[in-house]
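Have a look at these structures, which come just after this line.
Two complexes come next, and they have one chain in common, chain A, joined by chain B in the first and chain C in the second.
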Partner chain A sequence: MFWDWNYVWEIMPQLLRASVVTIEATLLGFLLAAVLGLVLAILRMSKTSWISVPTAAVVEFIRSTPVLIQIFFIYFVFPEFGIVLPAMVAGVIALGLHYGAYCSEVYRAGLENVPRGQWEASTALNLSPYITFRDIIIPQAIPPIVPALGNYLVALFKETPLLSAIAVLELMQTAKILGSQSFRYIEPITLVGAFFLVMSLVAAALIRQVETWLNRSLRNPGGDR
Partner chain B sequence: MTTPMVKFDNVTKRYGALTVLDSLNLEIAPNEKVAIIGPSGSGKTTVLRMLMTLERINDGVIYVDGEPLTHMHKNGELVPADEKHLRRVRGNIGMVFQHFNLFPHMTALKNCMEAPVHVLGLSKKEAEERAAELLDMVGLADKKNHYPNQLSGGQQQRVAIARALAMRPKVMLFDEVTSALDPELVGEVLNVIRKLGKEHNLTMLMVTHQMGFAKEFADRVCFFYGGKIAEQGTPEEIFNNPKEERTRQFLSAVLEAG
Partner chain C sequence: MQLRSLTICAIVFFTAGLAVASFAGFREFIPGLLQGALITIQITIGGCILAVIMALVAAIAKMYGPWPLRWLAIAYIEVFRGTSALVQLFWLFFVLPHFGILLEPLTVAIAALGLNVGAYGAEVVRGAVAAVPRGQWEASVALNMPRNLALRRIILPQAFIAMIPPWGNLFIELLKATALVSLITISDLTFKAQQMNQTTFRTVEIFTIVLIMYLAISILITVGMRALETVAARGMARGR
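The block that comes next holds the complex of A and B.
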């Protein structure tokens, strides 16, 4: 038989458990990327060149090297320096770093799009740099870039199978193990593919929803007159 | 003589090779209303922007209420001010901008509460009371929960005035505050400024193209030309008896335009 439904039901529980790991890695990785990206963007905008130049260099370096190499580096090379991390932690850090660098460019575009008058009004009101960022600039910078950040969330999600390279028991690794045990690859790999397809479509639809909602509230933050 | 509220002492501002303000000397007494007029590019807006510390100066010293703003005393010498010093002295100054620069994601009330809470350390309740009082003063008590994009230009500018006043500045700067408004909305903003002049002890500095208002409201008019004060005097002297040819030319051009 080409496709064995019995085998599908047999491996389903294991794959569902693994999908939880995939989603965990995605959400934790993206949380790290979202926070790190904002920090990098703000540092890169600094007027002090010994802060902005090295930050720009780090961002370029991370963006210009493959994420798989970064995963290997953190998992296999860091221990040489006494930093031993569990595979899941190493993987989440690598994905978070890599996508943090990408997100920082998105944040930068968002921050630079806030009109200069907003900064000047903040100075005129004597707001501290921290309050200016927290209350004035960031709330205006984020909504327009939510779609772009959402795209990176989906991209990061689709890169989590790379974690199978360091034996994190996410979907891809689980499918590989199942395949090697039963010598049937068609069901596990197809199911994993289908899972990614469905989740990506769901995420894209959610992002579109958020986008429409943001567009509406941006044009008219107070609702109807 | 009393200490001037604002003093420009030989202040020069350059953008690259272009000298925008050339050794400006200007003293403004407490409670004095000064109108700054002049052709575009004459450096008049730069005067306000330097005083608000939005622009660094290249030379000279600016004093506010007898204390250096752009510099500070250190070991008996005047050195360029650090951020801490700027923040302390800047607290004496408030500014209203041509394009309002209200915070679009906050209601009128929140716009007026943000700085009093986070800079002056007022409680939310105190700040809200103060903000409501000021919005009432500018005639917008019923609009306090509106967002800027729900308000007309004139209303937005009045919120901006209330927001600046909420910080209790000693000096208020008005940078072409009616230039971005539709003509029928200019009056309501000027009325608020008139009221401020009467009811508050405020030193006011305004860059304006409203010659009628400058004439009626200001104690002194400064005509800027080429980064210098070409002529200054009472509104009477400047508008009715200008001594300088350039002042005459400027005024006739402005009055012709309408």
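The block that comes next holds the complex of A and C.
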């Protein structure tokens, strides 16, 4: 009575198709977040205070307001300025922006952990700031923070159901539509929950794996560090 | 630095928002939005209280409970951390009625958010309790204290101070998550904004004001937790 397996198999193909959209949104959003986070981190660490202070303010602002409102803001407010975005794009941008702000803090921690001597040596070798960043600092700053970034990837993945609020046909929205068609909410919503649970447990296990692997390779660097 | 950037941030966005709003005649929106903000604050407070209780219970059950309780706590923590808040909210809202449990939307909101944040909080509590030096346990044993008395009088009060900053972050997470309850028909701040947006189409002003209101509440939480931290840490500094 409570749980109808026939109905489960009936809705499974639709839910699987929707889960592809969820994963797409996750990956695109995280790509944006990873790039944007690095940019924000570098801007925030700038020596000129008229760059670093506004950046810090923007990051704090994004971090302390709800993603849902940011999604609405990008979806509803941007068209007022003539930028009409499809729901999916607006959602991905909002998620990327929000998690970019979080990631920027992670990057900042990574960048600050690179010893000062590395900067000084680069100056001594007459490397330009851009080359220094690209070839010296970033390769040393990124590996230690990969697990932290991974945690934000999982967090972003778990925020994608919010896109249902602007009618992106991802997993949650599909489940809701299926529920409203058949008046059976138990199966679709429980399946969505199970999907998220399994995916994030798998992701957490992967992150732990990467973490131990990184710890080992950072401690025995094979002479290159 | 943190406090300075916070203050600058508050000032910049408050004035910017006020500037945008003032030449757009924002007065008509304020009463409705304030009503919504009140609901948001109610849910935040209710959720925070539930989250703290759940976190303490789950963490202590996970660390010291007999195995059925321990497994229950682990299952609770993993399930609520592993699925998204919105899915939990919808599950409680749409699925529970099928089992004959009819709850008010407001109760569902507080329960879902409190349980969700409580699961994260359980790990915070566990970390803080584990961080209390072993010597404190040994001293309690030496003084012939029963284990739960030692936990209550010696360990938890010390762990409490270490817990405050991460709890501040979690409370802000909870505040941000309250925006989700607009999707289960509760007329919180986000819901009111949506509603007004659909009737007046003054999108820019409404959403800017709403963002600033959320920012104001979260700054309030930050300031409150800082104050609590200084109060709680009084007299602790020497002992550590």
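We take it that the second predicted complex is superposed on the first by the 222 of 225 C-alpha atoms of A that agree within 3 Å, B and C clash if a C-alpha of one lies under 4 Å from a C-alpha of the other, contacts with A are read in each partner's own complex, and residues count from 1 in each chain.
What we mean here is this: a residue touches a chain if its C-beta (ideal position, glycine included) is under 8 Å from a C-beta of that chain, and two chains touch if they have at least 3 such contacts.
Fair warning: this is a prediction, and the values are worked out from it, not measured in the lab.
Colleague: Should the pairing of chain B and chain C on chain A count as a clash or a fit in the superposition?
Modeller: Chain B and chain C fit side by side in the superposed model.
Colleague: Could you say whether A:I136 touches chain B, chain C, both of them, or neither, answering first, second, both or neither?
Modeller: first
Colleague: Going by the contact rule stated at the top, is it chain B or chain C that touches a larger number of residues on chain A?
Modeller: Counted on chain A, the partner with more touching residues turns out to be C.
Colleague: Centred on chain A, what angle do chain B and chain C make, from Cα centres, as a multiple of 10°?
Modeller: 110
Colleague: Have a look at where A:N126 lands relative to chain B and chain C in the superposition and call it first, second, both or neither.
Modeller: first
Colleague: Just chain B (first), just chain C (second), both, or neither: which does A:T190 touch?
Modeller: second
Colleague: Identify the partner contact of A:N215: answer first if only chain B is touched, second if only chain C is, both if each is, neither if none is.
Modeller: A:N215: touches no partner chain.
Colleague: Counting only touches as set out at the top, which of chain B and chain C does A:Q118 meet: first, second, both, neither?
Modeller: first
Colleague: Using the superposition on chain A described above, determine whether A:S182 touches chain B (first), chain C (second), both, or neither.
Modeller: neither
Colleague: Just to confirm the geometry: in the superposition, how small does the C-alpha gap between chain B and chain C get, in angstrom?
Modeller: 20
Colleague: If you look only at chain A, which of its residues touch chain B in the complex?
Modeller: Those in contact with chain B are residues 115, 117-118, 120-121, 123-128, 131, 135-136, 139-140, 219-222, 225.
Colleague: Quick check: in the complex, which residue numbers of chain C touch chain A?
Modeller: Going by the criterion above, the answer is residues 5-6, 8-9, 12-13, 78-79, 81-88, 90-91, 94-95, 98-99, 172, 175-180, 182-183, 190, 193-194, 197, 203-204, 207, 210-211, 214-215, 218-219, 222.
Colleague: For chain B, which residues count as touching chain A in their complex?
Modeller: Touching chain A from chain B are residues 52-54, 87, 90-91, 93-95, 97, 99, 101-105, 107, 114-115, 118-119, 145-147, 149-150, 163-164, 167.
Colleague: Flag every residue of chain A that touches chain C in the complex, lowest number first.
Modeller: Residue positions touching the partner: 2, 53-54, 56-57, 60-61, 64-70, 72-73, 76-77, 80, 158-162, 164-165, 172, 175-176, 179, 185-186, 189-190, 192-193, 196-197, 200-201, 204.
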